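Down below is the structure, laid out as structure tokens.
Chains here go by letter, A, B, C and D, matching the order in which they are written, and residues are numbered from 1 within each.
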Amino acid sequence: MKKFILFFLFCHVTALAQNHNHSFGRKIAFPNVSGYLTLKSDLHIHTVFSDGSVWPDIRVQEAIRDGLDVISLTEHLEYQPHKDDIPHPNRNRSYELALRLAENSDLMIVRGSEITRSMPPGHSNAIFIEDANKMIKDDAMDAFEEAQNQQAFVFWNHPTWTGQETDGIAKLYDLHEELIEKGLLHGIEVVNMDTYSEEALQIALDHNLTIMGTSDVHGLIDWDYETQHGGHRPITLIFAEERTEAAMQAALEAGRTVVWYNDLLIGRAVHMNLLLNASVTVESLNYPGDTQVAHVQVKNNSDAKLMLHNLSDFTFYDTADIIELAPQASTTLKVKTGKRLKTFDMKFKVLNAIVAPKEQATLTIQVK
Amino acid sequence: MKKFILFFLFCHVTALAQNHNHSFGRKIAFPNVSGYLTLKSDLHIHTVFSDGSVWPDIRVQEAIRDGLDVISLTEHLEYQPHKDDIPHPNRNRSYELALRLAENSDLMIVRGSEITRSMPPGHSNAIFIEDANKMIKDDAMDAFEEAQNQQAFVFWNHPTWTGQETDGIAKLYDLHEELIEKGLLHGIEVVNMDTYSEEALQIALDHNLTIMGTSDVHGLIDWDYETQHGGHRPITLIFAEERTEAAMQAALEAGRTVVWYNDLLIGRAVHMNLLLNASVTVESLNYPGDTQVAHVQVKNNSDAKLMLHNLSDFTFYDTADIIELAPQASTTLKVKTGKRLKTFDMKFKVLNAIVAPKEQATLTIQVK
Amino acid sequence: MKKFILFFLFCHVTALAQNHNHSFGRKIAFPNVSGYLTLKSDLHIHTVFSDGSVWPDIRVQEAIRDGLDVISLTEHLEYQPHKDDIPHPNRNRSYELALRLAENSDLMIVRGSEITRSMPPGHSNAIFIEDANKMIKDDAMDAFEEAQNQQAFVFWNHPTWTGQETDGIAKLYDLHEELIEKGLLHGIEVVNMDTYSEEALQIALDHNLTIMGTSDVHGLIDWDYETQHGGHRPITLIFAEERTEAAMQAALEAGRTVVWYNDLLIGRAVHMNLLLNASVTVESLNYPGDTQVAHVQVKNNSDAKLMLHNLSDFTFYDTADIIELAPQASTTLKVKTGKRLKTFDMKFKVLNAIVAPKEQATLTIQVK
Amino acid sequence: MKKFILFFLFCHVTALAQNHNHSFGRKIAFPNVSGYLTLKSDLHIHTVFSDGSVWPDIRVQEAIRDGLDVISLTEHLEYQPHKDDIPHPNRNRSYELALRLAENSDLMIVRGSEITRSMPPGHSNAIFIEDANKMIKDDAMDAFEEAQNQQAFVFWNHPTWTGQETDGIAKLYDLHEELIEKGLLHGIEVVNMDTYSEEALQIALDHNLTIMGTSDVHGLIDWDYETQHGGHRPITLIFAEERTEAAMQAALEAGRTVVWYNDLLIGRAVHMNLLLNASVTVESLNYPGDTQVAHVQVKNNSDAKLMLHNLSDFTFYDTADIIELAPQASTTLKVKTGKRLKTFDMKFKVLNAIVAPKEQATLTIQVK
């Protein structure tokens, strides 16, 4: 009978490898930034071990296909709709399975759990924990304190969710203020699944919480985000000093994140600038023929489309003041500089780079 | 807490409906044939309840996306790699879950189980059973007899599988002959997952077994069959008098099937002819201008590409003797008939319609 | 020999019809606006009869494929590089050929000519003329006066062209001021081929010139604008009372135009508003479940992508303040209205709708 | 005024270069064969200088986009529908223009002309001529003899054309037999535009004529052959000792050609074998795990899809006897060899490689 099982495993592994080859094209890519590695994370995910629809192996494969650096399987502690079939008392189980399934890949798995309560405080993820089982507590506050005992990084999930706030508007309750004051809450989801919350972004800025975006996937990434048509799950870019769990946690605690959601980038101005400066590079400047029209070739090194709004006095030879830099591509800007310049600056507002409610990042590039 | 669960359900249902809209394009379609409905089936499927990687809801959604009429979740009786986590003794469980999940759709779920033994007899699926639990027996023969007690339709799975036959060549053992003689084995997989077996087809023809093709899916249909690039899972077309379980079982017992696998159709000549005659219809005949070149518009009403090899004396004005009829499309044949004819016959070998080893179906169409 | 020629014609016509069927998808579509028909025009085109590379039949077919209402073949009067091969003294010839080639289609052909001079005045198109031959004059001013005699509509071509202005910046010369004062110049190309000129737009607004955009095609539309990848030639939308030459000329003289160039719309605010109001319609308003999040379905009835920037106080449940309305598609806006409203207004800046240098159109939609 | 013309030229050249970059993907590629270079030709093309719709520059650009080695602009000598506009008496003119336009590219231009007569003899192309003007003769036979004087290679065009044979069936007239006997006719179009003639192929084989296929394009290659959807014009592959006009003519006179038309390859068996042997190479052989199923990776080095029908005794693990080798791609054949072999032969009929009416090429590959 042992031989029998082996054949099944062999069969499985082959399938994995084949699929891998066919999905190279969808790996998400962002450049490292000045001083930090850019790690791609999805830190809010479910499997059959709470209310998701897949075994952990699918989550590992999805993340590898997406080119992520790190995921966390954050099963609900208190919500176990499959418990008639999966009565397992071990809340660490999906983490343990995923860890083994990912061990021959570069994917990192972080232990996490979702503290699942009615509002307030609503749902929160604790990651970098040591033992999920110990977090099962009657009182919500006790669960947060246990997370602190385990030196977890804790963030508030989908504060905008109409399942708990029917107007869809994120609001800070007294309980949240208490959690923040006590140092028990460190981040907040500004993006969850297919929602974005301007109010959550304001809360993050007002209370120094880390800006987070996650898929919160229960079904299949491919179906929820139409990856076959170029869609992608929401991810949090983490700017870490090393590719280690400790460095990642340090980065999250320092708030060094930018969220990528549909065509939007969301993050604090300082981190957004890091990312934009690394993403846009000038490749060449020349003036064709006897003209005074500068041809400036710029490269977008990121997977995010960048929508630039010209803030300089120069106008363009071939377009108005809005310019789109397609992902991972070069674009030639034809700038009417009036005379031939050896070097000049161009300043843009990046329309899809949100740094605060109603406020977008600016980007200055030095052309030479 | 009840209210809480409700929100989750609401959320889930919405996601389902949205996905549905986006995947209309991939629904598999074949025409009904003379005297019978054409039912699209996949009768060999796994979930987390044996060694698959998804909850039954994903299987139901995959089948709805593919436009199938019927599926069976045929969990291994004897192979339970997830039993540490899913210790459920009820082998009917995935069927019961799927039945409820599909109840608001047109999808039919048939109760089935996989008798999972080393070779011989290898693996076999028993479907239309009453209780999978009763089929757990020490002796393989006892399991087959219990299937008979339950009036099941039983077919031999992947006789070509290198996991059990290292040369990949399907062979009939004494035990199989005994099963067939006793009326305990009624069909054989000529196609399983990504394998096709000419030897299995010969066994089917020699021993009057029903020709079957299944996905035997463990992971995701989309990944295994690249549906985003137009791929499809192997299915068995069943020619049934009604859209009921009983009619379907009667059709399978009578051997009325054609398998669709990649670009191949595989079935007995009599059933293949039923399908081809329904799939190809003549839409018009005319002679343009003063020519004697007949323009014959033919429609392929099926999702299968049809590769025709001309057996008539006529030659074509625009191509040699091989003609491809694209799926669900009209093609104009330009036939050099020498003089203007009111009606004439055209005879083709259908290169991708296998009716026996080294033998392809013929198709005669009456043009008028 | 006559019979012989007939066969060639037959052959040609068939090819035309077939191509037509295959290119339905690329026909440009914009809605009619309040009080006017929206006519799609390209009024600056060349053939082998001046310095273009195709016979007029290709221009007619290109325009039919693009779904245009009207074109003008504006051969250079003074620049005839093919004159060794096509010594024809008749400057109306390409018009006459095109007129006959288009007579079985809905496409209108307008007689036009390009007055081709060094700067100033540079190049200008005179359309709705009676006889191009009479416009051949030694002195440029005489040519403009002859155009006036023929009651032509005259517009200045590519004032931004580095072939005549090496800095690419459109400038009004004394001669242009004189032409405008005398009523001899009525429009100006803000878009020509692959150029856009903010300075030309300012000149149009300052001097009450009609805003024009044209392809100025010499080679093939498909190659210059990559129509197979969804590209399109620059066109001028003309808001006319009827689908007649006279109504079209009246509309041009009244300045009722919007130019569509890549993703940009360019026009006076009053005409832009006409177009935007016709292009965006509210299809439905509902509040799902017990939420206060309005689901507003809006339809973009035009072929132009519309990039909206939210100017209302409301925020969105699923995105930040920039929303893209894909062409010819419905989009659901999820608006957090705080309470359930029977009706409300939403106000947007339309980022890609230019009404003046550095100024974009606003659009208010009444939701109910 | 000179400066003026220069700008136009500059503008044109830039456009050419840009288009070039965007169309790399459609360059046709076939491997060289044993002993010969494989040159891609289209030797039957029209421009405005007879009854085509484009200037020669478009023909040069089309050929460069298609990656051809050689074209001939074969204007009708006797059919000049544009003569009212292009009264030029010089029948060499389009050749001369094309030669200059192609001089900075690798494209070769061959001087040719179409002798355009009613049937018999119908139309014929004479290529490698010295002066088309001298071929204008009252009597057809005199034109063929003048071609011989100029040492031309002459082939019969579209013998299947319903414009001259209403039944579409190529027939040899006495006049053709006389031409062949006198050595005045050397080739025959088996493929012209969108027609294929099995009868013409038989005539080629019976009378030792070179097998030719051409586009005979009058309009645009992109429109007639839907290149944006992967279509291609018919071409003649010429197996020449060098990339020179002389070597090409020698190859044509020796009959060393294969025609590529839609999915068909058509040629004499000896040349077809040269092409197929160069096109299909074995990359690797291995037996995975403990199986006796050979995994044979074969590469199709050509742009033609190859449809193989297995003639060996071996069966396949994953498909029936028909295998498609996609163009420019590797395919893994899973061959059930029964035991592990160090080397073995596989024999196929190539279904889309026509070597005679009702006869397809065979291909044997040595696996090791």
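General observations
Please note the rule applied: a contact is a pair of C-beta atoms (placed from the backbone, for glycine too) under 8 Å apart; a residue touches a chain by one contact, two chains touch by 3 or more.
Predicted, not measured: the structure shown is a model, and the values here were computed from it.
More than half of the residue-numbered contact pairs at B-D reappear in one of the options A-C, C-D or A-B, namely A-C. The most distant chain from chain B is C, comparing centres defined as mean Cα coordinates.
Here the CA centre of chain B is 53 Å from the CA centre of chain C. Averaging C-alpha coordinates per chain places the centre of chain A 41 Å away from that of chain B.
Listed for chain B are residues 10, 289, each touching two or more other chains. Put simply, chain B touches chain D in their complex at residues 160, 162, 166-169, 194-199, 262-264, 266, 289-293, 307, 309, 315-322, 324, 334, 336, 338-339, 351-352, 354, 357-358.
If you check the complex, the residues on chain A that touch chain B are 1, 4-5, 7-8, 10-12, 15, 19, 22, 48-49, 51-55, 57-58, 61, 79, 81-82, 85-88, 93, 118, 163-164, 218-220, 222-224, 226, 228.
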